[in-house]
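I've put the structures underneath this note.
Next, two complexes with chain A in common: one pairs it with chain B, the other with chain C.
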Partner chain A sequence: MKTSELAKLPELKLVQAKYEDREIKNGYTSDLLSDVLANAGENALLITIQAHKNTVAVASLLDCAGIIICNGKTIPEDMLQSAAQENIAIFNTGLNQFAASHLIYGRLNR
Partner chain B sequence: MKIKADLHIHSCLSPCGDLEMSPRAIAARAKELSLDLICVTDHNTALNNPSAARACAAAGVRCLYGMEINTREEVHTLCYFDELEKAMELDKFIAPRLPDIKNDPEIFGDQVIVDENDIILGQHEKILSSAADLGLEELRDKVLAAGGLFVPAHINRPRNSLISQLGLLLPDEKYSAVELHKSVYLCGAARPETFDYPVISNSDAHYLNDIGLVYNEIELEDFSLSALRSALEQKSVAVKVL
Partner chain C sequence: MPENTVPLSQSEKIPSLLEELIYTLKIRDVMTRELCTISRAETMRRAQALMKEHGLTALPVLENGRLFGIITVGDIIHALDNKIIEDKVEDQMTRNVIVLEDDMPLSLGITYFDRYHFRVFPVLDKNNKLVGIVTSRDIINKLLVEMNKEVAELEKLLPAPAQVNSYSVYKEFIHQKFSFEDAGVASGEFKKILQSKGFDAKLIRRVAVAAYELEMNLVIHSDGGKISMAVNGSSIEIAAKDRGPGIKDVALALQEGYSTANDWIRSLGFGAGMGLSNVRRVSDDFQIQSAPGKGTEVRAIINTGKENADENKRTGQTT
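Let's turn to the complex of A and B:
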């Protein structure tokens, strides 16, 4: 599925809309960004509760397809700005990481 | 003057701190080791700072006031003041932001508030190893605005550190310094990129025997926080092993 299709899911709210629309083939769910760096691989959709600008730095390094922030965590302004600069979509959801991963997993063209 | 400082010491109020770590015993051990400046930095609380102030005065050791706060990102951060009142204000600000989970001393350890003569005054009710509901930047800005120093703790530790939680240390953030884990100096653990940040390291002692194992030798004008800030900015700090 594409990033723009994610934006149509009612469970997800697109909060950073300046992004490159691309095909999402896999995802990675973790709140330890050191673990994300080590294990997520490239192009993954990142599912996490770490609402912090470093999440964007990590996503940028790994060329992540987007970021989903779970549990309705407030996303700080500097994170949104940095993601806009890097053209990385950010979604907010009230779902937890388990439910958000389930929501996405079955929709990916694997 | 050249001084020796260990600025990350847990007292018996930290759940993981040994019961023998009373402020009196800490001050006495610091004196024995000829440390000039120490700071009792318990997890998410400053309630043993008043007795640390009196115990240090009695032992003839200078101290700063502060705590090691666990932020929302679960990053441990050191906050320092040279006025007890400011540390206590931060304690009051943090306390309601800790989750309402009662400590079970059998599982997590005792969290004992003591006076400068080792008399038990009470226990902290909430489990202090939790994360406060406060973002790292929010806390940093608050501490710096209050005139304090803000130092991400043991940034290269594999848990509860800036690097474990947030992946990497970014350059040009408003940190007063970064603390490297003592393993870098004690056993040659890999040293992370630290950019232009001043670097300190401390014992992070939880037991009396660990105090001062790693300390900072600092060229200091006087014992004020502003002198320490200048020394950090000028990188007049050398990490030493006992």
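Let's turn to the complex of A and C:
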């Protein structure tokens, strides 16, 4: 599925809309950024509760297709700005990481 | 003194080094001290033989250390031409000799060459004793030697060629302690540079992972330091060097899961004890040096030749 299709899911709220619309092939769920760096695949959707600028840096380095911030965490302005600069979509959701992963997993074209 | 007829100053402007040399050097500094002379009673034939043997264009005529005259090539030709080659030297020598004093500045000596059109000048000291002989060749030789010395001195002042010159790309960033705002700037920039150079995406990912972890370490653990990327023909080197505090037990720090990060840093998703092992995993060659109180230096080398990396390293993924 594409990043733009994620935006249509009622559970997700697109909070950073300046992004490159890409085919999402993969996902990775983790709150440890070093773990993300070590293990996330290519064009992955990053599911995490780490709502800060460094998450964008990691996502950008790994060419992540987007970031989902779980548990309804507030996303700071500098994180949104940084993501806009890097053309990475950010979604906010009230779901936890487990539920969000389940929501996305079944919809990926594998 | 007709300044504008000095051969060396005929050009618009003498280079200042040369100018300084001809004003500071004295005639005694350039003259030849090994003298070949002849006495008045010898024959012109003997003079000719000496000049031929030693390759001279002039031969001073000397008696008890006093200069009486000089035999030039012209005098020899004249003697041969007029069949008086067996005559005594004192009868055929040039008597009006123009001499230089050993204490004269070289600049003045040079004007004599121009003014009198002689090729050779005997040199006398204050007591009118012959102490040397000067040809234009002596002057040129000495000037070249002196200029070489000056150039050698100047070269010493040149900064040593920087190591960066041997790399096709070199880029570095400085990170301050706890400057989380800047973390990711270096690795992001490195990534862009490598993308613009057309490097393979998987290779770029490995470099990016190594660079990001190392710059996070600088920000989280160090008192500030420098991260750099150097690209050469066959590899990319990411190096991080900090000012301290240094790692007490490097082997322990390399162990996955070991971290000294505080709770706040952990809450940000760092300090999981994976940083250095991540760097080591994506590197083809990994070196770390650290001493408490001094600082830490880490070098991660990633070969750019595709055959050099196994698939796991190239994807940057663990299995």
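Just a few scattered comments:
As a working rule, the second predicted complex is superposed on the first by the 110 of 110 C-alpha atoms of A that agree within 3 Å, B and C clash if a C-alpha of one lies under 4 Å from a C-alpha of the other, contacts with A are read in each partner's own complex, and residues count from 1 in each chain.
Criterion: a contact is a pair of C-beta atoms (placed from the backbone, for glycine too) under 8 Å apart; a residue touches a chain by one contact, two chains touch by 3 or more.
None of these values were measured; they are calculated from a predicted model.
Of the two partner chains placed around the shared chain by superposition, chain C is the only one that A:48 touches, whereas chain B remains out of contact. Looking at the superposed arrangement, the partner reaching more residues of chain A, out of chain B and chain C, is C. Touch criterion met: A:39 reaches chain C, while chain B stays clear of it. Touch criterion met: A:76 reaches chain B, while chain C stays clear of it. In the superposition on chain A, chain A positions 31-34, 36-37, 50, 52-55, 57-58, 78 are in contact with chain B in one complex as well as with chain C in the other.
Chain C makes touch with chain A in their complex at residues 180-181, 183-184, 187-188, 191, 201, 205, 208-209, 212-213, 216, 268-270, 272, 274-275, 278, 281, 315-318.
Here chain B touches chain A in the complex through residues 73, 135-137, 158, 163-168, 170, going by the rule given at the top. Contacts from chain A toward chain B in the complex involve residues 31-34, 36-37, 50, 52-55, 57-58, 76, 78. Residues of chain A touching chain C in their complex: 31-39, 41-42, 48, 50, 52-58, 60-63, 78.
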